[in-house]
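Consider the two complexes below, in which chain A is the common component and chain B and chain C are the respective partners.
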Partner chain A sequence: MHTSIKKKQGTIGIPRGLLYYKYFPLWKTFFEKLDYRVVASEKTNAGTLKEGSRYAIDEICIPLKVYYGHVVNLIGKEIDYLFVPRYISTTFGTYMCPKFLGLPDLIRGTINNLPRIIEMEIDLRKKPIFYSMLETGRKLNGSFSQIKSAFEESVKTYQRFRIIMEAGFTFQEAFDSLAKNPAEVLERRPTGNPVKVAVVGHGYNVHDPFVNMGLIKKLEDMKVDAVVLENLPVQIFRQKTKISETLKNYWGNEEEILSGVDYLFKNNLVDGVIFLCSFCCGPDSLIDEIITRDAKTRDIPYICVVMDEHSGQVGVITRVEAFVDMILRRKRSRGIKEAG
Partner chain B sequence: MSEGKRLVAFPHMGNNWPAFKSLFENAGAEAYVPGKNNARGLECGLKFSPEWICLPFKITIANFIEALDKGVKTIVMASDCGPCRFGFYHAVQEKILKDLGYDVEIKCLLQADLLTFEWADLLQSIRGTRLPLSRFKLLWIARIFFMKLQLIQLAEKLEGKTRPYEVRRGETTKALERCLKMIDEAGTHQQLRGLKHLIKEEFAKVEKAGREKIILKVVLTGEIFVALDCFANQDVKKKLGELGCEVCMGISLYDWVKHKAHVNFHRKYLEYLSKSHRDIGGLQLDIGGEAFWVLGQYIDFSRGGIDGFVHVYPFTCMPEITAKSIITKWYNDGIFDVPPLFLGFDEHAGEAGLMTRLEAYTDLLRTKKKKLINGN
Partner chain C sequence: METKLLENRLKESGSSGNLYLGIDVGSVSTKIAIINEDRELVFGMWSRSQGSPVQSTQESFGNLGESLDDDVGCRIMGVGTTGSARYLVKAIVGADIAKTEIICQAVATSFYMPGVRTILEIGGQDNKVILMKDGIITDFAMNSICAAGTGSFLDHQANRLGIPIEKFGDYAAKSEVDVVIAGRCTVFAESDMVHKQQMGHSKEDIIAGLCEALARNYLNNVCKGKKLNSPIAFQGGVAANSAIRKAFQKELGCEINVHKYFLVMGAVGAAMLAREQVRAENLKTSFRGFKVSETKFIPKAFNCQGCNNRCEITYVQELVGEIVARWGDRCGKWTL
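Take a look at the complex of A and B:
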C-alpha cells in the first residue's frame, strides 16, 4: 500500500572507490536505516579513469583518480548528498594515508558544482565510532534513537559481511549474498586447484576488477586459487605489527596487509604472494620493501605488481603467468626431492 | 677522537648541520657531519633504496652509508608517528643497512611532540658515559640548539634578500658560508648573541647594485627537506635569486622545531587560514608534510606583498601533492591571483629543464608586475 511506504528523505550518492571496498555495506545500511536512498556510482570503467584524470593532477595515485571519476559520475545523477568520508584513524594509534585524511577537502577543492557533501570523520584516536556516526546522523536529521538503531544495524551487517568474506568469497559475491537468507550462504567455495596464491593490497586495488585488470579472474582461469586478505580469520588483524624494535606500524590499511602477510608466511598457507600496488602510492613503496625482505628470508615466492594508467593488461598478466609457472616448477622440484 | 666518546652521525639537511653538531657535541658525543649532499652520494643511495620512495629517503641513506664507511656506528635520525612516510624512514633504513652488513644502530629522535622530552633520553643515550645530564645542562643544550637554528634562519633570510642585488655573482653565497662558519664556531650564549649583528653585517658588506631592474618577491616553500637542501632542490633558491627574485623562505627548521614544541603561533594562524577556507577546500587538519601550512601561506601571501609562490616537493610526496591539487584549482578558478609554480624533484630531474621553467616563470611574473606598475 502506498501510504505505508514512508517517503524517503533524499538520495545519498556514494562513490565506488577507495574505502567503498571496505565499508560500503556498513554505510549503506546506516543511511538506509535513516530513511535515505543510497546509490553508488557505476562500476569502474575506462570512462571513469578518463573523467577522473581531467580533474586530478597528473602525479596523484590512480585510486584517487578513479575516485574522482566516480564522484563526477555521481554528479551526473540525481542525488541530494554526496558522501565523502574522512577516515583519519580506524584503530587506536594508527593513521590512514594522508590522502584519506584530506579527502573531503581535496574533493571540495578540486571539483566544482558539487552537491552537498556529507562528511563522516572517523578518528578512533579521539572518539568512538558511534560518536562519528551520531554527528553524521544528526546532520541528516536523524533522532538519537533512530541513529542508535541504525548504527547497531549497520555494525551487524558489516560483521555478517566480514564473516561471509572470511568463508572465502570475493567482495562482490559477499555483498550480493548479504541480501540472501543466511542459511543459504555459508558454504565455502569448492577449491582443489594445485596452486594457492594470496593477492594482497588495498581493497580498492584487489576488489576492483577494472583497476587490477581482471587479475583474480585470470588466476582462476590459470587454475590458481586466489586468497584475499578478507578471507583470512578476522582475529589475526587485531595484533599490532612491528616494523622494528623502535617502530610500530602506524598505517591503518597497511596494518592489514602486513599482519595478513605475516600470518600467511608463518603458517605456510599459500604458495606465493602477489602484492598489488598503485604507482606513486606512498605507503606501498615502503611496505613492499618490508615484505620483499621478509619473503626473501623465508624463501617464499613474492612479486609486487605495480599498476599505473599505462601498464597494459598484457604486461601484468605475463608477469603473473611467469610467477605462477615459477611456483609450479618449484613445487614439482620439491616434490621430486621429497619423493627421492 | 678522544677516548670514550661515541661518534654520532646525522643526516645532512641544508644549512642546519651546525645546530645538530652542537646538539650532539654538547651532550658529550663526537659528531660526524656528512659531506654536502651530492650526485655521487645520491647514486649510491639509489642503489639501496626502494624504487619509488620519496627523495629525502634516498639522500639520507646516502649520508648514512658515507658515515658508516668512515667508521661511525651510531646514527641519529628523526622520526614521527605518522601519517606520512617519514616515520618509517629510520626503521626501513636500518633494515637495509643491516642487510648490507653494516654494524649500525639507528637511534630515532621522535619529533612528534617535543614537550614529551623524549629527546632528553636520546641525548643521554648517545652520551657515552653513564653520568646523567643534569636538567640545567639539558636546557642549556636545547637553548644553544634553538639559538643556532634561529641564526641559521636569519642568515637564510638575508641570503634570499641580498642575492638579486649582488654585483659579483656568488658573493652572497660566500657570505652565507662565512656566517655558517661563525655559527658553527660559536659555543656560548654570549657569542651567539653577538652573532646576530655580525651576520647582518656580513650581508651588508656584499656590494649591491642599484634598483634599476624590477625585483620580484617570491616565496619559496614546500616539503621541508627539499625546500632547505640546495642539492635536493637543485639550487632553486640561488637560481631564483640570480633571475632577479628576492626569495622569502616560507619554511625553516627553526620554524618547524618551534612548531613541534608548541610555541609557533604563526603556524597556528596559518592553520586558521586554511581551516576557515573549508568551503573551497582548505585542509582541516595536518595531513603530514607541510601541506596544511602551505595552504595557509598561499592564502596569507595572496593578500598582497608578493609576486610569486614557488612550491617544491619530492616527486610522489603525498601531502604536498594534495596541497598542489588544491592550490592549482584555486589559481585556475581565479580565487587567488598569485601564480604558483610547482616543482617536483627526484633523481631524474634535469637541471636544464628547471632553468627553462624558472625563466619562463619569472618572465611571467615580471610582465604581470610591469602592468601593475604602469597601472593598466
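Take a look at the complex of A and C:
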C-alpha cells in the first residue's frame, strides 16, 4: 500500500488553507520527523477557488471554498494521506467555528476519490496537544519515543516560527527563513513609513494574497507599514479578553483578533486598523461591531473590509486608499496644530 | 452629448495666473473643474458619459475647446483625477495625481462649506457618507456590492415611468398621498412600484414614495450606526433631485445643503489636491494638454496565460505609439 518515495513511509498532503497559515510549520516538522514526506497544495489562485466552489455549497464562506480547492489540488499530487485536522478548541475556554469542528466530515462528504484522511482531534479544553499528536503518531506507525521527539522538535520549530514573525516578518518570509541557519541573527523588518496600519483578521484572510487581493503589498506600495497579529508579542494572546462585565467571547479565532486589537488600541501602536472579514462569517460580523465601538471611543480610524468571491479589486483598493489618505491628512493637521 | 456648464469665469479672471485641472470620471458622467491659485472654481462642466472612460474624457475635452482659449492649456500647472476610472484617465491625460472620491469630496466641500460635518454623496453606481470634523475626515462608508438606491436605479425607473429624471422633483412635490415603496432591493422596489401602479396610485405619489424609499435605504445601509451631525452637505448627481433632498430633511430633521457646485465637487477636490501636491513637491505637471482629445487610443485586453489565475490584462495603446497604461494582473508582471 505504501508507495516508497525516497524510502519514506509515505506522503502526507496538507491543504494550503484555513489554519495552514497558523500551524503548517508545526505539522510539517512533526510528520517529517515521523519519516513522512510532506507536500502542501499549490498557492491559492483563481483555479483553486473555481474548483472549490464546484464542491462546496453556495452559501459557505470563501475560506472554506478555497480549502476545498486546495484539497482537490492535492488529490492530483499522488499523496497517500490527507491531513485534515478537526480543530475544536485551540486555546483554553474557547471554541472554533463549527466548520472547523466538522471539517473532516465536510471534506469526506463532498469530495470523492480521497486518499486516507488523517483526522487529528485538537481540543485543548479537554486534552493537551501532545495526546492528540500521540494518537495520530501511533496510527502512522510511530513508536512512543519517536513521536515524543517529533513532538518536541515540532513545537521548537513552531516557537521559532512565532519568534520570527514577532520580529515583524510576513508569514511567507518567516516560513522561508525557517530553513536558514538558526544562528543567523534576525534583523527586524525595516519600518519607518509615515503611516502604520494594522491588518487584522483570520490568518487565512490576512496571509493569503489571493484572497485579500494583495493588500499587504498594496499597503507597502502606498508607503504604509503593515502590522499583522503575529507581529505582536505572543504573551498578549494568553489573557482572556472581556467585552463587558457580562459578555464573554468564546470564539477561538476571534479571541485572538480581539486581544490583538485591544493591545494595539491601549498602547496606541498604530494609526489605524483594517479588519479583513470574510463575507458571511458569523463570528467576524459580531466582533466587527465590538471593534467599531471601541475604535470610536478611542478615536482611532478603523475600517472593516468585507471580501467575497465577487468583489472586484477596485472596491477594496478604493476603500483602503481613502482610509490611508484619511489617516495621512489627519496626522498632518494634528502636526500643524501641535507646531502652531 | 448632454452637458451642463456650471461655471465659466475664465474670461473675467484674466488671461494669466496658474490654473489647476480636476477630472472626475464616474459611471454615468464626466466632470471637469478648473480652479485658480486661490482655489476658486473658474470653470466647471458636467457631461453625461456613454461608453468608456477614455472616450468620455476625450469628448469632454473636445467640448471644452469651444469654451476655452488656447492658452488655458498652457496655464494648467497640475492635474488630478478621481472617480472609478481615475488611474486610466490619469494615464491618458498625463495627470499628476489620482485620488479617491472620498478625499476629493471632503477637501472641496470643506473649502466651500467650512465647518461641514457630514457629506452625503449619491452617484451613478455608488454612494457614500463622509463624516468630518474641523476639516478632517473622521469616518466614511461606501455602499457594499449592492447598488440599490443609486442614481442608476432612479434613471432606470424614470425611463420606465416615461418621466425625465430632471422632473422627478416636480412630480414628487405634487404628491398628496404617502405611498410606501420597498426600497431595500432594486428588484423588489420595482415590483412594488408596478403593484402600486396597478392599484391605481398616481405617478406623483409613486415617485414621492420611491424617493423616500431611496433616502431610507441609504440611511439604513450606508450610514448605519453613524451619527450624522449637521451641517450636512448633499452631493453627487442625485442631489439635483429635490424630492430626495426633502426626504433626507424629513428623515434627519435638519437642513440639507446642496451647494451650487454639487455636480463637480469631486473634480474640484481633485484639482485642489493636484495644486497641493504640485506646490508641496515643486512638480512640473505631466499634463499632455487638451489636444489629447485628438489622439486615438485603442483599448485592448487579453488573458495572461502565465499561471492559473488567468488575469484579464487590459491596456490602452495610442494608434501610432506606445502603450500608455496596462494593468489587471495580480503579480505585477504587466502593470505599467
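Throughout what follows, the second predicted complex is superposed on the first by the 332 of 340 C-alpha atoms of A that agree within 3 Å, B and C clash if a C-alpha of one lies under 4 Å from a C-alpha of the other, contacts with A are read in each partner's own complex, and residues count from 1 in each chain.
The working rule: a residue touches a chain if its C-beta (ideal position, glycine included) is under 8 Å from a C-beta of that chain, and two chains touch if they have at least 3 such contacts.
These numbers come from a predicted model, not from an experiment.
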Winner by number of chain A residues touched, once chain B and chain C are compared: B
Which of chain B and chain C A:Val227 touches, first, second, both or neither: neither
Which superposed partner A:Leu215 touches (first chain B, second chain C, both, neither): neither
Touching partner for A:Ile57 - first (chain B), second (chain C), both, neither: first
First (chain B), second (chain C), both or neither touched by A:Gly102: first
First, second, both or neither for A:Asp325, with chain B first and chain C second: second
Where chain A meets both chain C and chain B, residue numbers: none
Residues on chain C engaged by chain A in the complex (per definition of touch): 84, 99-103, 134-140, 142, 144-145, 225, 307-311, 330
Complex interface listing, chain B residues touching chain A: 50-54, 79, 81-85, 87-88, 90-92, 94-96, 99, 106, 108, 278-285, 287-289, 291, 315-319, 321-322, 324-326, 328-330, 333, 344
Chain A residues touching chain B - in the complex, by the definition given at the top: 56-57, 59-60, 86, 88, 94-99, 101-102, 104-110, 112, 243-244, 246-247, 250-251, 279-280, 282-283, 285-286, 288-290, 293
Footprint of chain C on chain A - complex, ascending: 42, 45-48, 209-210, 213-214, 292, 299, 301, 306, 308, 310-311, 314-315, 318-319, 321-322, 325-326, 329-330, 333
